[in-house]
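As structure tokens, here come the structures.
In what follows, chain A forms one complex with chain B and a second complex with chain C.
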Partner chain A sequence: MEYYVIQSLNALVFAVILLLSGLGLSVVMSLMNFVNLTHGSLYLLGSYIAVFWMATGQPWYLAFPAAFLGGAAAGLILDRFPFQLFYARTHLMQVLLTYGLSVVFADLMRWGFGAHIATPQIPELLRGVVFILDTPFPIYRLFVLASGVVLAAGLWFLFDRTIWGAVVRACVVDTRIVEALGINTKHVFTAVLALSCGLGALSGALGSGILAAFPGLDEEILILAFIVVVVGGLGTFSGVAVSALVLGFTMTFAKMLSPEFSNLMSLAVMAGILIWRPDGLIAATRREV
Partner chain B sequence: MAGNRSTLVLSVVVAALAVLPLTGVPDHHLRLVAEILILGVAVMSLDLLIGYGGLVSLGHAAMFGVGAYAAALFATHVSPDLLLAIPAGIVAATLVGAVMGALVMRSANLFLLILTLLLSQMVWEVIFRWRDVTGGADGFRGIPQLTLPGGMAIDSGVDLYYVAGVLAVGAYLVAASFVNAPIGKALVGTREQPIRMTALGYSIPRIRLSVFMVSSAIAGAAGALYPFVNLYVGPQVAHWTMSATLVIMLVLGGVCTLFGGFIGAAIYLVFQTHVSSYTDRWQLVVGLAFVATVLFVPRGLGRELHQLLRPLGLGEPRVTAETDKKGTVR
Partner chain C sequence: MTATATATARRPDAAAAPAEDVIEVQGMAAGYDGAWILEDIGFTARRGEVLGVLGRNGVGKSTLVNGLLNLGPTVTGRVLIKGRDVVGWPTHRIVRLGIGIVPQGRGIFGNLTVEDNLRLALFGARATAANGWTLERVYDSFAKLGQRRHVSASALSGGERQLLAMSRALLTQADILILDEPTEGLAPMVVEEVIVGNIRSLRREGVTVILVEQNIALALDLADQAIVLSDGGIVFCGSADTLKQREDIQNEYLGV
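Let's turn to the complex of A and B:
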């Protein structure tokens, strides 16, 4: 019993990391119709920022805003050049451009940060374990879980309940009408991209205490986040959440059942969902005029 | 094919390739050319899906890998005869392609991309974990050399080069006749106007399934020859990064041209071989070069070449790859 509770908590923690990295990807994909495969690189960048920040002895909690700002700044630069040229292009061209960039970034980071596995010095406060049903569970994981839930709720509020979110969603439906209302949609898109890249880096900073940071992690996270977003139904908030939970739980419990076949089982579950529902778990309702 | 003149150009290219070994090119260079031809065939088969069908698959390496392992296993355990081992690879890859095609035929765009990725990674997992049969992460070693029906071994770079050349010409003819056949035209129709094609009575899933099978068979043929270049095959041939490499080669060479696959494979492999001997940062250089291609030569180098060859009668390809600006994957 305790074992299952602990494994469920582990699955939830993993799902939260997937959710956060997936949400960043999902936001640009659904709102801007832009496929950004550099998202994994931004995740890894965030992880490295957290690792280096915590090694400097600065207040540890500032590592997360630092990662967010670092990612957002990278996003602003990328938006200027070359992403803006590709917003109106086909998905294939976007995929190719951003995949090429992610290869470049991966090698730059290997060059700059080395090929070893970098782990952050987790602050004293988050280092220990708590006993849940007499079983130890790392406090850091609970911290990730809590911050993830808060962040996701905040994002949902931002996009669903504020006027700024309404503008962004209006841009998805009809950019030209929004332009006619006197809003510069280019700035809206820039802001969304910066937010998404910041989120990617922030999820990397949070995840670094669990998954560490090493070359190749960018690709792994990218693929998982991409699977989560597409299986969820491309850009529905609830879809991403459900599919992150499904993947998080499947991967954790499959590993428990049979480490040998865990990947195969997780892949099969995700593929099965896409075969069963070709438009993803929760498809966005689109009105064609 | 724009009639006799393109047949002429094709014959000239084939003739030039046929006499290449007589010019004293070193054996290991011929091996590289053989590898280019083999990967070019795989890229060309992917062009049927991506270029003509608009079906962006990130799982093509699964078929290539299954063809490679099936041929290697067949050669080791049954017979190293060329005329048996290669068909074994083709059959295995076609079967996998048929299953995959049947599973993905309802999907489109990014959903198709991810579904093919998931399914091909399942194939990779099987190859990677089934250590007793495939050798797992270490790869499969001890593959015998292919033999001709008479029993003559295909051991030198020259022999391998000629086998790859015959494969490339054969695969090109199959792919070209598929594209020019009614089914090929219908395939382009489903890419451009799916609703209109359905209204005309075409079954889009059936067309997709057939292109998946043809493309898998060609990829399987290429994969079947691949292990015999180095007498080794590793699980990375079926990994999704291999699929991504094939897509990159396709775009470098030019989508929707068929022959662009060979140009893309040549650029990529030559580039990789040379840059990696000069610098450890070859991934950076390859990545930058690829980004530059996407930025400045988005139609691929093969198409630019096509334009240059226009006076020779090869003209612009009839079908353009990037027509839809609505954001559907092309």
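Let's turn to the complex of A and C:
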């Protein structure tokens, strides 16, 4: 029993990381119809920022805003060049561009941060364990879980309850009509890309205390984030959340049941969901003008 | 269901002021993918007038009005809005000069609430002069929208959608309003209530209205001036009263 509770908590923590990285990817794909394969690179960049920040002795909690800002700044630069030239082009061209960039970024990070597995110096406050049903559980993971829930709630509020979110949801449907209301949609795109990249890096910073940071993690996270977005259904917040939970739980429990076949098992579950619901768990039904 | 009477007093000089050309189009061509649909278009619209844009289906009426706002078609020539040549400007900058559009099909966001649809326009509004339209005034003037402000806009009837689209365009603080086939899909009673009444009261307020219509009788009734499009050009440009007399033009180009 204790074992299952602990594993469920682990699954939730993993789901939170998947959710945050998946949301960033999802909003860019549904709003801008842009396939950004550098999203995993931004996750890993965020992980490295957290690792190095926490090694400097600066207040540890600032590592997370630093990672977010670092990722958002990278997003602003990428938006200006070369992403803007590719927003209107085919997905294949976007894949070629962003995949190529992700390879370049992977090499740059290996060159800059080294090929070893880098782990952050988790602050004293988060280093210990708490006992849940007499079983030890790392405090850091609870911290990630809580931050993820707060962030997800904040994002939901931003997209669902503010005028800024309404502008973005309107742009998903028809950018021309939004322009005709006097809104500069190019700025909306830039802001959303920066937010997405910031979220990718922030999820990397949060995840670094669990998954560490090493070359190759960028690709792993990218694939998982993609699965979350596609299985969840494009353009739905709740879809991404549900699918992050499903993937988090299947991956955690598949590892428990059979470590060798865990990837195969969890991918089979996701493939099964897509056969059952080709548009994703929660499809955007009211995407009308 | 018409705009409030207080609005009429807002610009008492509207009738007396010398009518200024708020839209002046010279040698305009517009089209898609390198094929011109309209060529050598020239006309003017004066402040406070209703200008009817008429012509058969597919003649390029929507291309013309969308072209004014750089809303899709490629445009060359001169398009002066309040004296500024806007050819090549991004749409949002043109709109901020104070020109709003209710596009064909109305462009209501069904995934947003009624109020969020309206707030989008306020978010974008950067026109130099406010036109007096606020959220409160929309709800006062159109009680139905006020009652349903928190409802998804997809739940509105056709007439309510048209009201929402017109209110939204006014909230961009426009004093030039383009209506692209506003009567499309509406029952005759709703047309009378929603379209005719509101266009009349907007005109009283000094708003310039560009009215694209298939319903010739209605358009000629409301319009001060009219242009008739055919074969990629303007075949009539003059007062609506004159066009009413010219049955030959109506028969040849409007299929009455």
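Things to note:
Just so we're on the same page, the second predicted complex is superposed on the first by the 285 of 289 C-alpha atoms of A that agree within 3 Å, B and C clash if a C-alpha of one lies under 4 Å from a C-alpha of the other, contacts with A are read in each partner's own complex, and residues count from 1 in each chain.
Note that contacts are C-beta pairs under 8 Å (C-beta built on N, C-alpha and C of every residue); 3 or more make two chains touch, one makes a residue touch a chain.
This structure is a prediction, so every number in the text was calculated from the model and none was measured.
Once the complexes are laid over each other on chain A, chain B and chain C both fit without any clash. With both structures placed on the common chain, the touch criterion links A:N33 to chain B but leaves chain C unconnected. Of the two partner chains, chain C is the only one touched by A:G182; chain B is not.
The superposed model places chain B and chain C at 90 degrees from each other around the C-alpha centre of chain A, with the value given to the nearest 10.
In the superposition on chain A, A:A191 contacts neither chain B nor chain C.
In the superposition on chain A, A:A106 makes contact with chain B only, while chain C stays out of contact range. Residue contacts after overlaying the shared chain place A:I163 against chain C, while chain B stays out of touching range. Taken over all C-alpha pairs, chain B and chain C come no nearer than 13 Å in the superposed arrangement. Across the two superposed structures, the residue set of chain A contacted by chain B and also by chain C is empty. Interface residues of chain C, counted against chain A in their complex, comprise 69, 71-72, 90-92, 95-96, 100-101, 103, 105, 107-112, 116, 119-121, 123-127, 152, 154, 168-169, 172. Of all the residues in chain A, the ones that touch chain B in their complex are 29, 33, 35, 82, 85, 88-93, 95-97, 99-101, 103-104, 106-108, 111, 219, 223, 226-227, 230-231, 234, 260-261, 263-264, 267-268, 270-271, 274-275, 278-280.
The part of chain B that touches chain A in the complex is made up of residues 50, 56, 103-104, 106-111, 113-115, 117-119, 121-122, 125-126, 129, 240-241, 244, 247-248, 251, 281, 283-284, 286-288, 290-291, 294-295, 298, 322, 324-325, 327-330. Residues 163, 166-167, 169-170, 172-174, 176-186, 284, 286-289 of chain A are the ones touching chain C in the complex.
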